[in-house]
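Next, two complexes with chain A in common: one pairs it with chain B, the other with chain C.
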Partner chain A sequence: MEEFVNELQGLMKSNKIIEINLFGFDLSITDSVVVMWIVMAILIVLSVVFTRKLKTIPEGKQSIVEVIVEFFNNFAKDCVGEHGKLFVPYIGTIFLLLIVSNIIAVFNIIPSGEDLYNLTHWEFFENWNFAIRPPTKDINVTLTLALMSMVAVITAGIKVKKVSGWLKSFLEPEPLILPFKIFDYFIRPVSLCFRMFGNILGAVIIMELIYFAFPAVLPGFLSIYFDLFDGILQAYVFVFLTSLYIGEAVE
Partner chain B sequence: MTGITALAASFCVLTGAAAGIGISVATSKAVQAVARQPEAGDKIRNIIVLGAALAEATAVYAFIIALLMVLVK
Partner chain C sequence: MGGILNIPTCIYTALNLVVLYFILKKLLFKPVSEFMEKRANSIREAIDKAESDKLEALEMKNKYDKELKDVKDKAQKIIMEAQEKAQLEYEKIIQKARDEAEKIMEEADREVERQRIENIKNVREEIVNLALEAASKVIECNMDTKENRELVNRFIDERIA
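Let's look at the complex of A and B:
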């Protein structure tokens, strides 16, 4: 049991792969950063491959991309309203990034350090502790995404209403509401961040418990719910809430 | 001490019951609404996802607090 608690504690901490200390700041490259790089590489390669040789009449892989882009266009138009077109790139990018990073645990094909060490007897693998886990289980990643969403909301408000209109929107419909409107800008990123973090960390821990108890067959079925469904749903909720906030800001 | 912490964590996770009731009420109303007015399905889907996400957040917060209680020493 003690061993298992240690493993869960290891899941919550981000383990450092390369330690960097710059001017007293801890800028180490953690495993969530490396997984984010993998996610970015996947997305960049896919977007380059899928958008090569575009034609007017779509065929093959181009029609898949068109369905996805159409989905984002409609999504933005539904949630944001008439200015929706302006925010399709941001919303679409975040959606794709979150979907891929939430479900990437399915592709965790790297064996654990212990197995590799027993297999090869390299000393390098003795302290090897890298597995592909969703980077969104790290609170730093979700907090960054939530702050980016709030920056997008503020930018959207300023861009559509201009600075004076945006400042005036704090006093509408009643000047009395001003403290709550300001409070909103602090509560929203925290709630976005913790929702994503808690859900993904919960799913990772539950899957780890199941792997611990039943190593075969059962994890396969439960992984469909905890890794795929939950990840995609949380990505949808995050993007949906972001676009609702943007819609409220540009109204 | 470990026993007390575990008990506190288990009480904390009881929030999940309330969140479950909240989500089930929202879902049952959404099903009724879709049954009455199938053409409003898209709008209702957006609202139910938003409502469920907000209701579920409470359970997630409780879960995080319970985890912190048990794992962080």
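Let's look at the complex of A and C:
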């Protein structure tokens, strides 16, 4: 049981996969970053494959990619408004990144290091500790994504309203509201960050508990909710709030 | 907290997001959006063109309908005119024929009259001759003088009249 508690605690920490030390700075690559790279590679390969030879009359994979892009276009138009088109690439990028990141645990087909060591008795696997888990269970990742979203919100406001207009928007409709508006810029990333982190980490821990308690059959069904549905829902919420903030900033 | 917060991961995540943003923008969103916009434009153009073609066709149809009606009217008018003219001509011809027939009849009447008068004249001459011859036979002398002839003629005139 204690071992299991340790394992759960380990889920919350980032595992260093590659240790890099550059000029005294620790630049080690953690498993979250590696999984993100896998996610990015999947997205980039799919983008290349799906956008090859676009035809006027869409068929097969082209209709899928058109539906996806059209969805982001409409989503941006609905949430952001008339300037929505400008933010489709950003909204779409975080949406795709988050969806694939959140549900990638479904594809965790890599056996654990312990199993591999028991199987092969290779020294290499003794310290092997890599599993495909959502990078969004790492608070560093969600925090960065939330901060990047706020950067996008600020950039959008300045781009559309110019610096003076953007600064003035802090005093509208009442100068009294200024402290709250400034406070917003701290509250929003924190809420975005912790909502995503808590949900995904919670789902991962619950799934881990279920695997521990019922190793077969039941996890399959519950995984549909905790790995797929919750992941997609959280990605949607994150992107929806981000685009609402952007829409408010450019209004 | 030191165990959880990991600055390099944050930096890598930020870099990953920026890189992915530019790559997806270039590979996915921009080409597909542009492509779909282009297609939407071409469809819009095609629909607009079809609409204008339809309007043009309708205009042409109206024009041709009007022209056809004009032509029909014209034809009707020509036929009417021709009929009128034919009627007039017909009446003229009939009138002429009637006139001619009347003239011929008149001439015939006059000829008959002339013939009659001539016949009467001949008969009278014959009667005068016969009377004078009979009278001469009666008195055995020639009474065929100018005075007697006048006398007999006057007598016959009196009787006839």
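What we mean here is this: the second predicted complex is superposed on the first by the 249 of 251 C-alpha atoms of A that agree within 3 Å, B and C clash if a C-alpha of one lies under 4 Å from a C-alpha of the other, contacts with A are read in each partner's own complex, and residues count from 1 in each chain.
One rule holds in what follows: a contact is a pair of C-beta atoms (placed from the backbone, for glycine too) under 8 Å apart; a residue touches a chain by one contact, two chains touch by 3 or more.
All of these numbers come straight from a predicted model, not from anything done at the bench.
Student: Contacts for A:143 in the overlay, against chain B (first) and chain C (second): which applies, first, second, both or neither?
Tutor: Only chain C; A:143 stays clear of chain B.
Student: A:198 in the overlay: touching chain B, chain C, both, or neither? Say first, second, both or neither.
Tutor: first
Student: In the overlay, work out which of chain B or chain C sits against more residues of chain A.
Tutor: C
Student: Counting only touches as set out at the top, which of chain B and chain C does A:155 meet: first, second, both, neither?
Tutor: So A:155 meets neither chain B nor chain C here.
Student: Quick one: is A:169 in contact with chain B, with chain C, with both, or with neither? Answer first, second, both or neither.
Tutor: neither
Student: I'd like to know which partner A:8 touches here: chain B for first, chain C for second, both or neither.
Tutor: Touch partner of A:8: chain B, not chain C.
Student: Is A:48 in contact with chain B, with chain C, with both, or with neither (first, second, both, neither)?
Tutor: second
Student: Thinking of the overlay built on chain A, is A:78 touched by chain B (first), by chain C (second), by both, or by neither?
Tutor: Touch status of A:78: first partner only.
Student: Can A:240 be said to touch chain B (first), chain C (second), both, or neither?
Tutor: Only chain B is touched by A:240; chain C is not.
Student: Kindly list the residues of chain A that each of chain B and chain C touches, one partner per complex.
Tutor: After superposing on chain A, chain A residues 12 contact both chain B and chain C.
Student: Within the complex, which stretch of chain C touches chain A?
Tutor: 3-14, 16-21, 23-25, 27-33, 35-36, 39, 42
Student: Quick one: in the complex, what on chain A touches chain B?
Tutor: Touch residues, chain A against chain B: 5, 8-9, 12, 78-79, 191, 194-195, 197-199, 201-202, 205, 233, 236-237, 240-241, 244.
Student: In their shared complex, at which residues does chain B touch chain A?
Tutor: Residue list for chain B touching chain A: 42, 46, 49-50, 53, 56-57, 60-61, 63-64, 67, 70-72.
Student: Sort out for me which residues of chain A touch chain C in the complex.
Tutor: Result: residues 12-14, 25-30, 32-33, 36-37, 40, 43-44, 47-48, 50-51, 54, 56, 65-66, 69-70, 72-73, 85, 88-90, 92-94, 96-97, 135, 138-141, 143-145, 147-148 of chain A touch chain C.
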